[in-house]
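The structure is given below, and queries will be raised subsequently.
As written, the chain order gives the labels A, B, C, D, E, F, G, H, I and J, with residue 1 at the start of each chain.
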Amino acid sequence: MPDAKLLEVFPTPSDTPFVIEHVAEEFTSVCPVTGHPDFGTVTLRFEPRGAKAGGVCVELKSLKLYLQSFRNEGIYYEAVTNAIRDDLAAAMKPAWLVVKTDWKGRGGIRSVIRATSGPAPAEWLR
Amino acid sequence: MPDAKLLEVFPTPSDTPFVIEHVAEEFTSVCPVTGHPDFGTVTLRFEPRGAKAGGVCVELKSLKLYLQSFRNEGIYYEAVTNAIRDDLAAAMKPAWLVVKTDWKGRGGIRSVIRATSGPAPAEWLR
Amino acid sequence: MPDAKLLEVFPTPSDTPFVIEHVAEEFTSVCPVTGHPDFGTVTLRFEPRGAKAGGVCVELKSLKLYLQSFRNEGIYYEAVTNAIRDDLAAAMKPAWLVVKTDWKGRGGIRSVIRATSGPAPAEWLR
Amino acid sequence: MPDAKLLEVFPTPSDTPFVIEHVAEEFTSVCPVTGHPDFGTVTLRFEPRGAKAGGVCVELKSLKLYLQSFRNEGIYYEAVTNAIRDDLAAAMKPAWLVVKTDWKGRGGIRSVIRATSGPAPAEWLR
Amino acid sequence: MPDAKLLEVFPTPSDTPFVIEHVAEEFTSVCPVTGHPDFGTVTLRFEPRGAKAGGVCVELKSLKLYLQSFRNEGIYYEAVTNAIRDDLAAAMKPAWLVVKTDWKGRGGIRSVIRATSGPAPAEWLR
Amino acid sequence: MPDAKLLEVFPTPSDTPFVIEHVAEEFTSVCPVTGHPDFGTVTLRFEPRGAKAGGVCVELKSLKLYLQSFRNEGIYYEAVTNAIRDDLAAAMKPAWLVVKTDWKGRGGIRSVIRATSGPAPAEWLR
Amino acid sequence: MPDAKLLEVFPTPSDTPFVIEHVAEEFTSVCPVTGHPDFGTVTLRFEPRGAKAGGVCVELKSLKLYLQSFRNEGIYYEAVTNAIRDDLAAAMKPAWLVVKTDWKGRGGIRSVIRATSGPAPAEWLR
Amino acid sequence: MPDAKLLEVFPTPSDTPFVIEHVAEEFTSVCPVTGHPDFGTVTLRFEPRGAKAGGVCVELKSLKLYLQSFRNEGIYYEAVTNAIRDDLAAAMKPAWLVVKTDWKGRGGIRSVIRATSGPAPAEWLR
Amino acid sequence: MPDAKLLEVFPTPSDTPFVIEHVAEEFTSVCPVTGHPDFGTVTLRFEPRGAKAGGVCVELKSLKLYLQSFRNEGIYYEAVTNAIRDDLAAAMKPAWLVVKTDWKGRGGIRSVIRATSGPAPAEWLR
Amino acid sequence: MPDAKLLEVFPTPSDTPFVIEHVAEEFTSVCPVTGHPDFGTVTLRFEPRGAKAGGVCVELKSLKLYLQSFRNEGIYYEAVTNAIRDDLAAAMKPAWLVVKTDWKGRGGIRSVIRATSGPAPAEWLR
């Protein structure tokens, strides 16, 4: 089941703001209604706070394990997106964070959900 | 015939604003003049109101059935687009909503219609 | 319902063998089990017999109307493909004929069915 | 020869502003200097005035016939673009209008011309 | 765990040979060494025996459930491919069968495995 | 109207067989039934006979003018293709010749016609 | 050698501002250090001043000859871009002008240079 | 090991601001944890100060050698990006600078890091 | 330096012939003349001998380490390709083997080298 | 002017037949009629004779200089192709050789010429 404690962070290497994007194209969870698997791509974009302000980045291997912890969880698209946003915002306290999930189609409809934490600039939302 | 009562909603999972996009690539209706079928893609983008404000999301299976109810309806591109916008705005009362319909060509001309409800940010119109 | 009598033909303009391909990207029928619409692309490839041998080509508008006659028919992928092959083979008696149907995904699986009539060369099967 | 009287309009179905895009990929006219044909794509984007303000949309078949009336006209790229803009602005009196013509290459140079009428938002110019 | 008994078949609708292709882009299993998930696309191509010879086709929903039964199985690429080939060949006894698995990269290397049963024509192998 | 006398040829520069392909993406003629313009791409592939055998190649500017002579001709797809094949075969007497015409869609169906003269190798037909 | 006198202009056909883009994909000059040829694409975008203000457009054939005059010139990427900007700004005195040069790779690095004259809107810089 | 002294500069050819982009698709360094090589694309975008203000551009061959100096260095994605930004900002003192690194996937996650120096316009960040 | 002893194999899981393809997009070695790095993609395709005949497959992690052992080796394209072919043929003794190396451009020329061992079918060479 | 003496060769590294492909995307010569530059891509494919039979490969830098020697030569497409084929066949005496030239469009027609020396397998001609 999803486990935010798997997330590890490390100090940002700079006081200058910069933007990090991680794209995980191999995400899967389970539809809570039908029990069938859902597949999607999870994109994170965030600006760590500066080093002197205690800013941190998420460690990549821990992020992989955290995302894998959704594998057999029955959970809706919207809830996955908000859960990842909340867990990462809590773990990193970034200047801002965007979480975008892009789901393969079901019944001829494919969906994209975007959730934010903090003042994410408009150009990072798409 | 198009039937807005098919649309079902569920409460938004968050108080933080977020953006949902659904893309239905298998839409068909009928040209009211020639009786020939029209084919297109319908894209919805909206921001539900916050959970405490009673915000809701459209349920995906009900959206599929609603869109299928246009299958044998004789109706113009512009009217389809405005009808979907009106029905979804009434059903969800979202912070804002964009409906975009992208039609396969007829007579060497293909068309894209975009209608909005509420203050849709410019970056979501395209 | 599918109506082979809609198909009209006209004499081939040449005694030299040549190959005709028609691609109809806007095909729809209905799943006989779920009642949900299916969408696909139908590709025909054939070589009319020579003019002196009475060879004929299918007329394009009649082909469009014939394919539209499947719109509200409950019928499986495999049966659609074999029905179109049989109806066109009967109407044109071509030197050979390939019918390929390419279906949008259902439940994460998309399908392509190919049926032939007569000695279709291998390079026209894919 | 180009004939603006071919353009027909119909009342917009809504008081809410919305945006219509028509893309005609099969445009041809003739170079007035060399007599050789030019080929291009004509894109229209416009916002009709609201229904209560007497807003109208261009009818698609009449638009096709109007664009075909340039077929054997000797006329420069820039003049085509401004003529279409002027004729459509006169016929529809839209809130705003963008006309974009995208020409196949000549002598290793391909050209794109964009003309506007009224306050077209920047995001619709590209 | 993988369960061939999930596979269901139905009689082929024709005596004329034809070719069926199913592409499942949402396959996942687990690496038996690292325990990390593997993701890939599974493509089946086969020719059912003729109807009079008792030829059958695999039913799509049962195929989906069968492929899902690999979800939490620790198994190598090569073994997945051979297992699917063996199970489908046993269930359908087709004239010929090709199973192709196309795996997302691991450590900068991505792999494609192809296994066959019966005299699969060369043009269906790629 | 189509005028084969516009075609000019020049001697092939080699006795060794070689293959020439010309692709004209800006072809237009007129539908003889509706009077609406048709647009397509014309592809020629041929092997000139050797220089000592009097082999010739078609001159590019004359080919352009010849193809332009169809601009206002009312003529079917199949007839265009066979006419170009016949005119070029007569003008060049090549070892073999393939003419392929690829037409933009009409009524949701797009067509490709291929005609040959002489023993065109299978790999040049597609 | 580059020769700005090759550039010819003609009066703009409109008082309404509009935007012209010319893309020349077949530009070549010579590296002043190695003597090896450089290849790139030159894109111009500009808004002519209004007709009453004496606005002019560059004539396409003269532009082609002007760009060809760099063919055997030893000159750096940055200098090419600034030279074209200066020559065209002097010849047309446009409301604004963007010159973009996009160079094929050298040593694994490819470069894009953009220079402007006048208040070019940000959306035309990319 | 990374060596900023390899970077050479030359005077900007213009007082008008302009924008330079260099894209190096063949960057490689080493993961400091696993010792395995990392591969990515490094994109630089910057505006040199004007010529009178002493503005300079980075010389391309020196840039290539500088980027090659990371080849066997054990260093994190984020540190590479900030190091290149710092070294180039120190060498050129540009009006502004964007460094973007786009890394091939590891464990199913691919990353993009963007760092800036000075007031980089938002449209150059993506 | 290249080290064939890094290659490990495991027994093939089947007696039925099947085809394995591994694509390593992150290959790098060094040009023996200039000392600059070369980058390319290495593709292997092979058919292991049957299990009863002692057929084996190359283990993926050992393949990765083997390919990495070329990282700082000065070696020509043709020699790399033949070396990999020889080492893998010796390690696996496959029914047949194709090694294809696809190199990024140098001086405007990019190269593809293909070497084989045993009777590789023509359709696997491209 | 074209200078075959620029071509240098080196001994093939293997007795086993293998296939080499070089693609030069930056070729330019001059039209002998109009004096305007032509641009194209030159592709070579060949199999060197075995090492013991004295087989050789063309050296890449010499190939680049040889192709550059056409830069200001007035020469037809067909003659370029046959000249390169003849010069390379003379320099390398390969088992077989294919030369393909792919030219940017002129007057709306683009051309591809293929010439061979020796028994080039059909799969290498396209």
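The rule we apply is simple: a contact is a pair of C-beta atoms (placed from the backbone, for glycine too) under 8 Å apart; a residue touches a chain by one contact, two chains touch by 3 or more.
Just so we're clear, the structure is a prediction, and the values are computed from it rather than from any experiment.
> Which pair in F-J, A-C or D-J has the same interface as A-H, with over half of the contact pairs matching by residue number?
Copy of the A-H interface among the listed pairs: F-J.
> Count the touching C-beta pairs: is A-C or C-F ahead?
Here the pair linked by more C-beta pairs in contact is C-F.
> Roughly how many whole angstrom separate the Cα centroids of chain D and chain G?
That gives a centre separation of 27 Å.
> At what distance in angstrom does the C-alpha mean of chain G lie from that of chain E?
Inter-chain centre distance comes to 56 Å.
> Using mean CA coordinates as chain centres, what's the chain F-chain I distance in Å?
Centres of chain F and chain I (C-alpha means) sit 44 Å apart.
> Considering chain D alone, which of its residues make contact with at least two other chains?
As it turns out, chain D has residues touching two or more other chains at 25-26, 36, 39, 64, 104-105, 107-108, 123.
> Please give the residue numbers of chain C that touch chain F in the complex, ascending.
Its residues touching chain F are 12-14, 16-26, 57, 60-61, 63-64, 121, 123.
> List the residues on chain I that touch chain J in their complex, please.
Within the complex, chain I touches chain J at residues 76, 78-79, 81-82, 85, 105-117, 122-123, 125-126.
> So in the complex, which bits of chain D are touching chain J?
Touching chain J from chain D are residues 36, 39, 104-105, 107-108.
> Please name which positions on chain B make contact with chain C in the complex.
Listed in rising order, the residues are 25-26, 28, 36-37, 39, 64, 68, 71-72, 104.
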